[in-house]
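In the part that follows, the structures are each spelled out as structure tokens.
Both of the next two complexes hold chain A, though its partner changes from chain B to chain C.
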Partner chain A sequence: MVTFFQYLISGLSAGSLYALVALGIVLIYRSTRILNFAHGDKATVGTFVAFTLLSRDLPFYLALPISLVFGALLAMFFYFAIIVPAQRRDATILGQITITVGLSMVLQGALLFFWGTESQIMPFPLSDTRVWTVGPFYFNQLSIGTFLVGITGSILLYFLIQKTRLGLAMKATSENLAAAQTLGIPTRTVLATSWGLAALFGVLAGMFLAPALILDPFFMLEPFLKGFSGAILGGLNSLVGAVVGGLIIGIVENLSGGYISLEFKNTVPFLIIILVLLVRPEGLFGKEFKERI
Partner chain B sequence: MQLLTVDALTVRFGGISALSDVGFTMDDREILSIIGPNGAGKTTLFNCISGVYQPTRGEILFQGESLLGLSPDRIAVKGIGRTFQNIRLFNNMTVLDNLMLGRHIRFRRNPLQAYLRIRTEELRHREKVEEVIGFLDLQAYRKMRVMDCPYGVQKRVELGRAIVMEPKLLLLDEPVAGLTAEEKNRVAYLVTEIRGRFGLSILLIEHDLRIVSRLADRMVVLNFGQKLTEGTPAEVQKNPEVIRAYVGEEA
Partner chain C sequence: MNLVESYKDDLKLIEKPWTRCWVALLIVGVILFPLFGSEHFVYLATLIFIFSIGILGQNILIGYTGQISLGQAGFLAIGAFTFGHLTKMGVPLGLCLIGAGCMAAVFGVLVGFPSLRLKGPYLAIVTLGFGIAIYQVFTSYEVLSGGRMGMVVPKFPALFGLTSEVSMYYFVFLLCVIFLAATYNLISSYIGRAFVAIRDNDIAAEVLGVNLTNYKLLSFAISSFYTGVSGALYGMFMGFLDPQMFNFSETLLIFVAVIIGGLASVEGALFGAAFVILIPQLLSGYNELTPVILGVTVVIIMIFEPLGLAGRWFKMRLYWRNWPFR
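Moving on, here comes the complex of A and B:
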């Protein structure tokens, strides 16, 4: 039983970061129907910026916001410089998705060019070797920090969307772009904000994942895929679904790693995705799309 | 000064001229109707005025300012509201939320001021929205999801959403299409009421000549992208070219 809870704790900690990744994916998908395959790589770029700043002894409380903003600006630049012109030329959704795949490769190339292939160790104020014992349970500093960051991020996003005018404009834009425009909502700016916000969450996840993993230009690939799985599990257009999906993936991954075998740690989440898609294609929180004829 | 001036407006899609050299003016508080058979370019004209399409040539002036090159949201801020031929609402939101979204541009820009006055602001907007809800007789549907409302109600919600924006010019694209005879009369009555009560000008696309003749001060007739004629309903109905366009060649 104790080991079970121990796995659960590390699962929740990893899952909260997958939730952040999933939120970024869902945010873009629900407002534009684009699956952003460059999401992980944008997060990697932001994390490397943080790495460089932290290696130059910049304090963490400065390095964190700078890297987040950098990631957000990069995504907004990408939106205005590539997605908007593509849309002006009537690119299909599939075409735009392919563009994000291309961008992912470009970013990977840039990462290799600027930071090289060597694995780095992220200087980080929290450590996973500092451990607290509460009764029979172990909590390490990093995973607690990670969990708090993941949950706080999700809650902040929830309030932004539910309680602010920007959030309402985002909802309106994602539901009916043409109608939102005729009401005077600047949909381009709103969408650019969504792209920026999504990348910001990605970088946040990346920065807290890097200390636990090895930092190299491809370190976000796995977390990205898991966040993606979480998003699908939750039902691609539900923000609550993204958080729940991400947490489930994190927990299942750790349980299967612990009880079945470590080799299965990465496989089981994907098996779950296949099962979900077979049984409930719209995901746990997704709304079934029914066209009225 | 004219409220709206459309001059030599031309729109080409590839080789097809959707509109060629269309021009007319509109006065303050006028109800002007655009009529014409299917494919005459009526909705294209609307899309140019509201910024969805950029015309190939020509000029559109609203209160003396050119609208060309502005995005639809900027045009909405300038005071032009519209409805669509095929209703475009936020289907997963309630009727009330749809109407509140119509107030978007009326919220204060300064975030600090908005924060300090948020209560009175919200109340002011709610008052306006409730007024329109009452006016359009939507009380029973306020908390219902738009998706679950009957078609006629959805049409009224869209109309209401455009009114709460407090535009100076309202573009209505076939407001009575698909409604029952009874509902048609009701909307026709509402359209004239809107002008009186909210003091705005209305540009209206409609197929139902009988209803339009009752509503409009003047009419502009389009056929194959060109202006056939304009005038009062009585003048237009007597025009032999209009009869030909609508009924076909006389036997």
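Moving on, here comes the complex of A and C:
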């Protein structure tokens, strides 16, 4: 039982980061119907910026916001420089998805060019070797910090969407683009904000994943796929679903790694997703597909 | 481009006598190519033919039936390792290839079942899960993957006094032509039109009498057959197999090649394969920059030519046909 809870704790901490990644994917999908394959790589770029700043002895409380803003600006730049022209030329959704695949290649190449292939160790104020013992349970500093960051980020996003005018504009834009434009909502700016926010969450997740994993240009691929599947599990339209889906993926992954086999740690979550989707094809919290002929 | 007046016109592979000449010239060129081209170029051309078979398969699925699959690497791996095991048992080459394709097709039908309920990104994630599961199975069970050092596959035998590489080139070229012709015929038949109907609107297709279950599964089976054969050829070409060869980036490469080559176009598969193989070769001096250039070209093509290279090719032909009256 104690080991079960131990797995649950580490699962929740990993899952909260997957939830952040998933939130980024859902934010973009909801507003533009694009699956952003460059999401993980944008997060990697942001994390590497943070790594460079930290290894130049910049304090953490400065490096974190700088790299977050950098990631957000990068995403906004991509939105205006590439996605908007593509949409002006009537690119299909599949074409736009391919553009993000191309972007992810570009970013990966840039990462290899600037930072090389060797793996780095991220200097980080929290450590996973500092451990607190509460009764029979162990809590390490890193996973507690990770969990808190994941949950705080999700709650802040919730308030942003539900309680501010910007959130209202985002909802309107994702609901019906043409109607939102007619009502005078600056949809381009709103969509760019969504892209920026999404990248910000990705970088945040990357920053807290980096100390636990090894930092190399490909380290976000697996968390990105996990976050992606978390988003699918929760339903691609639903922000609540993204958080729940991410947490479920994290917990299932850790439980299956502990009880079934470490090798299939990455596979079992996917099998569970397949089973869930066969029962609920639009994910746990997604809305039904409605189609007209 | 042309007015199609009868069903026979619709089925024609080549429309104009001049086109016949160009195609004949092209084929002669490809046949004579190993006599003039260096070994490296023959190597690249073989790789392009092998890839274009896999890309054709993916194009049938994405371009014609409209089902996104991100598990192509899994089918490649299944085809390749089935081929490896069959050759080890001493089965003749042709049967090995068919066996590899059929094994992949069986798994394709299995993966196709979720497609009956799921759409778009949801289907993509299920197939992605399949690809990852297959990769995991092959890396974890050495019985299947042939041990820690990978599996050695016998190379193509040297025929008619040619080297092994050149005979492989001709063999793969022949197979590629067969697959291209088969795909052309498939697409202009009832089955192909059913696929296109499913892509455009599956509910409408069902109302019009297309059996969704059968045709979606058939599309998955055909697509993964192609991919399995392509994987088997790739294994034979490389001479050894290792699960690492079939990871997620391979899937992305095929996906990108399909879109760049042109969705729902048969010759687009050749263009796409040539693109993803030749672009890294042109830049082999700047290895770090290869993904950057590849990515930038993908973005540029998608912005300026959403129909892919095949669309550009079509427009060029149209332009020259009416030249100079435009």
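A few remarks follow.
Criterion: the second predicted complex is superposed on the first by the 290 of 293 C-alpha atoms of A that agree within 3 Å, B and C clash if a C-alpha of one lies under 4 Å from a C-alpha of the other, contacts with A are read in each partner's own complex, and residues count from 1 in each chain.
The rule we apply is simple: contacts are C-beta pairs under 8 Å (C-beta built on N, C-alpha and C of every residue); 3 or more make two chains touch, one makes a residue touch a chain.
What you are looking at is a predicted structure, and each value in this text was computed from that prediction instead of being measured.
Within the superposed three-chain model, A:Arg165 lies in touch with chain B and out of touch with chain C [touch as defined at top]. Of the two partner chains placed around the shared chain by superposition, chain B is the only one that A:Thr182 touches, whereas chain C remains out of contact. Contacts of A:Val106 after superposition: chain C is touched, whereas chain B is not reached. Comparing chain B with chain C, the partner in contact with more residues of chain A is C. Shared-chain residue A:Leu35: touches chain C; no touch with chain B. Residue contacts after overlaying the shared chain place A:Thr92 against chain C, while chain B stays out of touching range. Across the interface of their complex, chain A is touched by residues 62, 68, 114, 117-119, 121-122, 124-126, 128-130, 132-133, 136, 139-140, 201, 203-204, 207, 248, 252, 255-256, 259-260, 263, 288-299, 302-304, 306 of chain C.
Across the complex, chain A meets chain C through its residues 29, 35, 37, 82, 85-86, 89-92, 94-96, 98-99, 101-110, 112-113, 221, 225, 228-229, 232, 236, 263-264, 266-267, 270-271, 273-274, 277-278, 281-283, 289, 291, 293. Interface residues of chain B facing chain A in the complex, by the touch rule stated above, are 50, 52, 71-74, 76-77, 81-82, 84, 88-93, 101-102, 104-105, 107, 114, 161-162, 165. Residues 165, 168-169, 171-172, 175-176, 178-188, 287 of chain A are the ones touching chain B in the complex.
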